[in-house]
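Submitted below is the structure of interest, expressed as structure tokens.
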Amino acid sequence: MTPVLDLQAVEKRFGAVTALSEVDLTIDRGEFFALLGPSGSGKTTMLRVIAGLERPDRGRVLVEGREVTALPPYLRNIGMVFQDFLLFPHKTVGENIVFPLRMQRRSRAEQQEQLAWVSRLVRLQGLEERYPHQLSGGQKQRVALARGLVSRPTLLLLDEPLANLDRELRREMEVEIRRYQRELGIPFVYVTHNQEEALTIADRMAVMYRGRIEQVGDKLDLYMRPETRFVAGFLGHPNRFSARVLEIADGRMLLDWNGVRLRQERRFETRAGETVELFLKSERIRLCRRPDEAAALPNRVPGRLQDAIFKGVFADCFVTLNNGAELVVAATPDAAGIPRESPVTLAWDIADAHAFPVEQEGGGS
Amino acid sequence: MKNRGLRFDPRIQFAMLALPGAAFVFVFLVLPLLSIVVFSFWRTERYELIPEWNLENYRIVLTDPTYLTFLLRSLVMATVVCLASVVYAWPVAYFIAKHGGRYRLVLVLLTAAPFLTGIVLRVTALQQILGPIGLVNMALMTFGFEPIEALMYSNVASAIGLVYLWIPFMIVAIYLSLLNFDFELLEVAKVAGARPWRAFLEVTWPLNWIGTAIGIVLVFVPTFAATVTPRFLGGPNGSLFGNILEHQFGATGTWALGSAMGVVLFLVSLAFILLIGRTIDPKRTGFTGIGR
Amino acid sequence: MGDGRRTSFFLQALLLAFLYLFLYFPIFYIAFLSFVENTTWPFPPLYTLEWYSRLAIMSDFHEGLFNSLLIGLGTGALAALFATAGAMALLRYPVRRKALVALLYLGPLFVAEVLIGISTLMFNRNVLGLPGNLFSAILSNTTHALAFAFLVVLSQLVRYDWRMDDAAMVFGARPLRCFFEVTLPSIWPAVLGAFLVSFLLAFNNFEISFYNLGAVPTLPTIAWGTLRHGIEPELYALATLVNLAVFVALLLLYLLIRTGLVRIGLPED
């Protein structure tokens, strides 16, 4: 089956800045795909290349097997939802929504039919005669989505569509957008810098950094098995520290972290005596008040609770370990009730931390 | 398909939009200006240009005491008018930008509006006030006073007239510069101990120098080339370089000499622009550029 | 300190008031003169409409008005067109050598009108071998007015969000369609403003038009001729009519700038 979108070795430079380098990506039918990355990572440029708003310097863009690399945006039938909605201020909601249909010279009857359908889908009925400046943020968002979907494009691109909405509305729209995607079966490519948003909304995702795709795959895979230091450092809320390799056996490593022994999977070539860097997600650490609670887990480190900050669904606990290091643990909210200076034990499984060879140049966060 | 893609290339779109106007200016302004540079090295005989290359025209313009006097007088006139305009325009533009509030646009448009009625009509109007039988002198005579000589057909009247004509440029230039000026910086300077005048000289003036410089150039260029104003307000000793220049294209028909005068006029203006341009230190203007 | 500040405030306000007086008193005074018989010392005034009726039957006046209108309309249209295209190019595309293009558009600001006049006269006469006519007057007035039109458009267009055009094109609008459906509805006040300013500049231009037209009259050359041969009161009537027209046009421009701000979606300041 040909993928809906196929980027092959796409490269784009702006002067001396490389916005995209050697990007390969395929997106399949009916997929909800998120592009996640910090600002300046090239994700918006990638979206603009897919839409035809930027022409890549090298590489090819294929939509449904057809090469569109040099095709201008108005011949691609790709829908897009822009960051600040970008509704046409001089057109009513209805006129904004049917704009793509008018450009495709569809009949008036068909325009009205599609308008009715899409207004129902995004729950905008009754607002067709209003002008954009008469709408709330959430309503504008729905109009932008309706305009993107009305012509049933081969692909819908969403560029940080929720960045300008407040928290409540964002939650609501995340659910709504997922619903549209399921009902229509059109592949969505969703760009965001917000990992919670990406993890909530998408099925598959790619993490971008400095114009490259660091890792692509199922979202859980990226979260649980990061393949690069950047992804390990970017997803979740990891603690980061270095340890020395003591022994290697059976694809496992025994590490020394300032006098504490740790067991860790070995996923790259390394030798005893070398130093590795560990990323340990704070939400994967168990905080135990009694040492025996952690008996089943291979890595156990005693320490003292310094502070616990109640955050609602969890509590951030700052723990000073007996080896002098400090770790942040996202524990259940009742941890906020533990008295300060209480002795605690932190424990985690072999797969919860991710080790990488130490890099000279400090990349990642 | 290749072709369509080509048309979408931003460089080609840029060229399609920008080149027609640029080419237009080149053909209908730059080429004519270059043509008079050529003609200035020719000579005229009985109202006809003769393509014989020589430097005679320049020798005449640059050595004949009469022409030199006109050139010098124009230079002095333009300098005086520029200075007077700067001195007057600054407090006015400052007032509008700082205290104009929601009426800023109206206030500044009102200073610029007369500019669009054309110089001939503006000079006509001014002559009815300042001329020998203008309102001021008629009033003086009616009430038994001596008329003020300086106002009738003199260089002073010319200078007033030129300020009257071109001060809108100066005000608009300074005003636009002040619009982008952060007045809070002045508060900072004052908190740091600067008195108002010191704060103005150390902060406001340098940060708005680029706008002032543009205003100065915009006033200098037409003033230095003035023809209508000195003719109708300047009187017998009021002729400026522009008048002697037009003369070559009117009665005498000495095209080549006139062209040389045109070139001299242009070069002096250009030298002035470059001189003013040298005073602008791009790093210290606070200018952040236009567009995205 | 507070006192000093208040003094300087009133001093500046006074200077502004005096500037308005300086700029407008002559204009209103000749408007007053255009309605009186005793124009040299009109106190007490003897009112009359004589100058207007004389002006109305002056054949030169009709021809001059017609020619001035033609020059104004032609220049306004050309300058607004080039200025809009040029400003769009300059603001929209990340292209190098922008400065050179901007220099060509703004350069005419730094060339004296009399120089534009004589150089086009010489160029037409000696290089192209053409006599000056209305057409050449429109062309060389356009080079001058273009700079002003360009500034008008530029000052408004910096507020326009070009991603609107991206949105239109993604949804299938070809470049021209995009311009007429999306860009122009937002920027038309700026375009019309540019037209108006260039129209007025060319309509009232003396030095450029004079050297292109020779004996063909325009309103400013008629006024100049009258002024040269000793003032005639018809000129007051003429000036008053032109000034009135200019102020009506400027009122329009002002309203345009305000709607322009609203259109582009920014609050007025």
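Order of writing sets the chain letters: A, B and C. Residues in each chain are counted from 1.
FYI, contacts are C-beta pairs under 8 Å (C-beta built on N, C-alpha and C of every residue); 3 or more make two chains touch, one makes a residue touch a chain.
Not measured: the values here are computed from a predicted model.
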Central chain of the complex, centres being mean CA coordinates: C
Pair joined by more contacting C-beta pairs (B-C or A-C): B-C
Centre-to-centre distance between chain B and chain A (centres being mean Cα positions), rounded to whole Å: 58
Centre-to-centre distance between chain C and chain B (centres being mean Cα positions), rounded to whole Å: 16
Geometric centre distance via CA averages, chain C-chain A, whole Å: 55
Chain A: positions in contact with at least two other chains: 52, 72-73, 75
Chain C, residues touching no fewer than two other chains: 94
Of all residues in chain B, the ones touching two or more other chains: 7-8
Chain A residues within the chain C interface of the complex: 14, 48, 51-53, 72-80, 82, 84, 86, 88-90, 99-100, 103-104, 133, 147, 151
Contact footprint of chain C on chain B as seen in their complex: 7-8, 10-11, 13-14, 17-18, 20-22, 24-26, 28-33, 35-36, 39, 49, 88, 91-92, 94-96, 99, 102, 104-107, 109-111, 113-114, 116-129, 133, 135, 138, 142, 164, 167, 196, 217-218, 221-222, 224-225, 227-228, 232, 242, 245-246, 249, 255, 258-259, 262, 265-266, 269, 273, 290-292
In the complex with chain B, residue positions of chain C that touch it: 4-5, 8-9, 11-13, 15-16, 19-20, 22-27, 29-30, 33, 40-41, 43, 78, 82-83, 85-86, 88-95, 98, 101, 104-105, 107-116, 118-123, 126-127, 139-140, 142-143, 146, 150, 154, 158, 162, 175, 197, 200-201, 203-207, 211, 220, 223-224, 227, 231, 235-236, 238-239, 242-243, 246-247, 249-250, 253-254, 257-258, 268-269
Chain C residues touching chain A - in the complex, by the definition given at the top: 94, 161, 163-164, 166-174, 177-178, 181-182, 185-186, 263-265
